[in-house]
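Consider the two complexes below, in which subunit A is the common component and subunit B and subunit C are the respective partners.
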Partner chain A sequence: MWIAFSATFKRQLITMRRAYPWSFFIGHILDGVYITIFAYLSYHFIFQGQLNTQFVSYTGTSDYLSYVIMGGVFNSFAVSLLMIVSRMLINEMREGTLEALLLTPSSRLGYFLGAAIQGLMRSGIEWLAIICVGLFFGLNLVAAHLALLLPIMIVLCFALFAQALVLGGFMLAFRDTYITQNTLFVIMTLVSGVSFPPQFLPDWIQGLSLIMPLYYGLELMRSVMTHAAPSSDILYHLLSLSTLGILYFAIGLLFMKRMEKSVLEKHFG
Partner chain B sequence: MLEAKHLHKSYTLKEKNGWLSRRKQQIKAVNDLSLTIEKGEIIGLLGVNGAGKTTTIKMLSTLLAPTSGTISIDGINAVKQPELIKRRVNMIAGGERMLYWRLSARENLMYFGRLYGLNGNTLKQRCRALIDKVGLTEFADRPVERYSKGMKQRLQIARGLINDPDYLFLDEPTLGLDAPVARQLRVLVKSLAKEKNKGILLTSHYLEEVEELCDHVSIIEKGHLLLQGTPRRIIQTIVKDRSLIVVMKTLDKENWHWLKQETDKLGIHAQKKETNEGTRVDMKATFDMTSSFLALAQKRNLQLIRFDAKKPNLEDAIIRLTEVHD
Partner chain C sequence: MMKMLTICQAEMRKSHRHNFNNRLIYFSMFLWPIIQFINAYYAFKPFNLGQNSPLSRFVPVNKLGLFLITGCIAYIFFWSLVQSAWMMGYERQQGTLELILLTPASRTLIMFSRAAANLIEAVWMFSIFAILTIFFMGGLHIAHWWLLPFAVMVLLLSAVVWGGFLNTIFLFSRDAGFLYTLFEAPMEFFSGVRMPIMAFPIWAKVIAFVFPLTFVLTILRAIVMDGKTLGSICIPLIELAIILIALTAASFILVRYAEKHAKETGNLTFF
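Showing the complex of A and B:
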């Protein structure tokens, strides 16, 4: 596994340096920045600083701007990481390298992890860039439970990675990236509490937030980075996120294996 | 030794009939095919488009699981232990696929080498040696997207050799290559088998190539084995006709009548035709008629301008074979 990991990491690094996907990079940053600016403008000019009391009771904070900007920051981080990992195999298929890859006796998990860790370098830069923009528009960071920041980040990345495997399986099944990924992203952004708490949504849609790693990630990150929350809540969410991640991971690995076989069977040429 | 026994492969195709309903259809791409490859031997797999050659190669290289049948490579079951087999085989397909276009030749080989578990100096040296071998030294650090077709194809050969496989499967490796490059490739393939003792399976639509390279040939049709043997034997068993064409400055009526009678006696079918070159006689028989005809020509002192004895080749054999089966 280590072999495929380091080989793929190096390969992706070379590819990124040679042909940096600037359009994706800037696109992701802009996505985050748009959410920030949109929130800023609507808060000041439409709501005129007035907040729905429900918002405060759902979120435990009256700092709407910090809430939304955190949403934008992590939403684009999640989108970026999901895209990088989920598109790996379908890209190999489109570029005609899938068979050469599958001919080698290498670990697929190592391959995906290599791509993910390399991808984190890119997503991480985007993430920092959006946070910096956010600070100008009213993002208030506080250092509460700072020791938990790293473990939360690791668990969140793992869960997103696992979700990307499932997404990648669907991409192979439908032979499509665009519609598949954007369907997920629209739903994810809607139900994960990116710019408003999911409690505002009808119950049946709200349920979807429970299968989105981003939802737990945002809850956790907001409690740790913007306002203090009781640590029992944090542990509970961290545990849910881990469980969800493990679930996605198991499903994703199996699904990917199946799709890999089916692509070879159905792919002419 | 690679042994494939009673291989079957069916694909399921879903065809739309009507708006939402779909009909399942089974396509038998390979149907009870058996073959063996010894180390050091080059086997040719021939057949028309859609005969099942690529499917067979994909099964042997573990990309596809056979619907039924067994494949064993040096005693290892390829269906049950594909991970072990992958280390010992490799596959090269014609065309420009199976390479990362953004990476250079060296980076491509390093990547694939690492995936086979090579590292450090062993890997570096092997990459360098392979790049030299396929003549890409000058371009080793240039991204593949800027390569010509022939260069990509040569790099693919290097990729196929990166794990130093015992068995190598080549699916139309000279597709679209110009004559000198195709020739270099043939020399390389021959040396891989004869000097490096690799077992090689080759498919190609260029029959001269197959005739030149292969020790044994299997001809398949609709996934089924039609004929197996050395190229020479196949030609002998299938193409019975040989032809001889001679052109003479002049051939008067009397000599023609005599010639016709004599050739008839020998079982040669002869036809005369006037051309601007002179008088042309086309002869057909089931044996090599060179010496008998020369004897006749000497008797009457016929002056020959041209003398063409055409040896039948594999192409004639294949054409004949498919005619019979259509």
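Showing the complex of A and C:
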């Protein structure tokens, strides 16, 4: 597993330096920045800081700007990580290297982990850039729970990595990246509490937030990065996120294996 | 005119064969715009939307749904053309751009026909949804019935001119994805699709007036929401006409320059 991991990591690093489509990189940063500016203009220029009382009761804070900017920051991070991992195999297929990859006895998990860890470097830069812009537009960070930040980040990355495996399986099944990934992203942005608490949505749509790692990730990150006192639900959300991650991981590995077989049969005859 | 219709028909057949071999296309044509509309609507929920809401300085709170759906429908018209222009990059990669330019058809006509053909294919589904939603929500206030088809014609014409211009710009591009990123989100954001531009600070208003969509939305909303007559919207109509003429002239010049540049560098089939 280690050899596949380090080889993929190195290859992805070279690709990033030499041939990465930087439009993705700038696009992810801009997506987060636009959510931030939209929230800032809406809050100050249209609504003059007047919030709905339900917003405060659902979120436990009256700091709307921090709520939405955190949403924009982690939405971009999630989209970026999901895209990096899920598009790996279909890109190999498009570039004509999938057959060679499938013929090697290398560990598939090591391959995906190598791509994910290298991808985290890029997503991390995007994440930092959006946070820096957010600080100018009213993001208030607290440094009271830094010790909690690392374990939460690790669990969130694992859950997103696992979700990306399932997404990648769908991409191979549909032979498509653009529509498959963006359909997930528009639904994820709607139900995960990016720019408003999901409790505002009708119950039947709200239920979808429970299968989105981003929803739990946002609840946890807001709790430790922007609230002075962490929410009592922190353990519940952390457990839910871990369980969801393990579930996606199991489904993703099985689905991916099945799709690889199907691609071999259909694509390479 | 007949030439344009022939090119338009050919482009429509091409785009239909290219895009509709995969049923997933219905997700991007129908599901995404609906979800984006719902998202835009609920993004206002955290704010005070009561009777004393500050929003009512710009839009009556009970007409927020109508405000957003008119914004969404006009945006979809323009967005589908940014997307079709983005596909111009694939013509280059697949080697078909050179073949298109070898035909005796007028280059500028190809650019505008391509935009018109893709537009009708891309927007009909969401348009039906939007019309049904508008009738369901109510709140339409139109001075004369004929202003409605007039507004649709203004929207169609502006979208085609904008699309033709973008197709021309994308002729130069080697990384079309980057231009797509630069054009798509700011257009949605600054044109007043989801927010009244009157509420913007000066710097944002300046950016807003770069996009023809801003003027189209002002005219569309004045007709369907405020019941304005043709006489009272003549100023934004003239402003829009000037922008459209400028864009058409720029397309004519740029398409010739792009072809000349491509002939010199021989990069028509290279990415």
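The definition used in the following text is that the second predicted complex is superposed on the first by the 262 of 269 C-alpha atoms of A that agree within 3 Å, B and C clash if a C-alpha of one lies under 4 Å from a C-alpha of the other, contacts with A are read in each partner's own complex, and residues count from 1 in each chain.
Operating definition for what follows: contacts are C-beta pairs under 8 Å (C-beta built on N, C-alpha and C of every residue); 3 or more make two chains touch, one makes a residue touch a chain.
Given the structure is predicted, the values throughout are model-derived calculations rather than measurements.
Student: For the three-chain model obtained by superposing on subunit A, do subunit B and subunit C clash or fit?
Tutor: Once both complexes are aligned on subunit A, subunit B and subunit C fit side by side.
Student: So, does A:Ser42 touch the first partner subunit B, the second partner subunit C, both, or neither?
Tutor: second
Student: Please work out whether A:Tyr64 is in contact with subunit B alone, subunit C alone, both, or neither, and reply first, second, both or neither.
Tutor: second
Student: Counting only touches as set out at the top, which of subunit B and subunit C does A:Arg17 meet: first, second, both, neither?
Tutor: Once the two structures are laid over each other on A, A:Arg17 reaches no partner at all.
Student: Of subunit B and subunit C, which one touches more of subunit A's residues?
Tutor: Touched residues of subunit A are more numerous for C.
Student: Output check: A:Thr180 vs subunit B and subunit C. Expected answer is one of first, second, both, neither. What do you get?
Tutor: In the superposed model, A:Thr180 contacts subunit C only, not subunit B.
Student: Determine, under the contact definition given at the top, whether A:Gln50 touches first (subunit B), second (subunit C), both, or neither.
Tutor: After superposing on A, A:Gln50 lies in contact with subunit C but is clear of subunit B.
Student: Would you check which partner chain A:Ser195 touches, where first means subunit B only, second means subunit C only, and both and neither mean what they say?
Tutor: Only subunit C; A:Ser195 stays clear of subunit B.
Student: So, does A:Leu264 touch the first partner subunit B, the second partner subunit C, both, or neither?
Tutor: First partner only.
Student: Touching A:Ile26 in the superposition: subunit B (first), subunit C (second), both, neither?
Tutor: Touch partner of A:Ile26: subunit C, not subunit B.
Student: Which value in Å is the smallest Cα separation between subunit B and subunit C when the structures are fitted on chain A?
Tutor: 11
Student: Within their complex, state which residues of subunit C touch subunit A.
Tutor: Answer in residue numbers: 22, 24-25, 27-28, 31-32, 35-36, 38-39, 42-49, 53-55, 58, 175, 177-178, 180-181, 185-186, 189, 194-196, 199-201, 204.
Student: Can you tell me which positions in subunit A touch subunit C when the two form their complex?
Tutor: Residues 21-24, 26-27, 30-31, 34, 37-38, 41-43, 45-48, 50-52, 54-55, 64, 67, 174, 176, 178-180, 182-183, 186-187, 189-190, 195-197, 200-201, 205 of subunit A touch subunit C in their complex.
Student: Can you tell me which positions in subunit A touch subunit B when the two form their complex?
Tutor: Going by the criterion above, the answer is residues 3-4, 6-7, 10-11, 14-15, 18-19, 95-97, 99-106, 261, 264-266.
Student: Write out the stretch or stretches of subunit B touching subunit A in their complex.
Tutor: Touching subunit A: residues 11, 58, 61-65, 82-84, 86-87, 90-91, 93, 95-103, 107, 111-112, 114-117, 119, 143, 159, 163 of subunit B.
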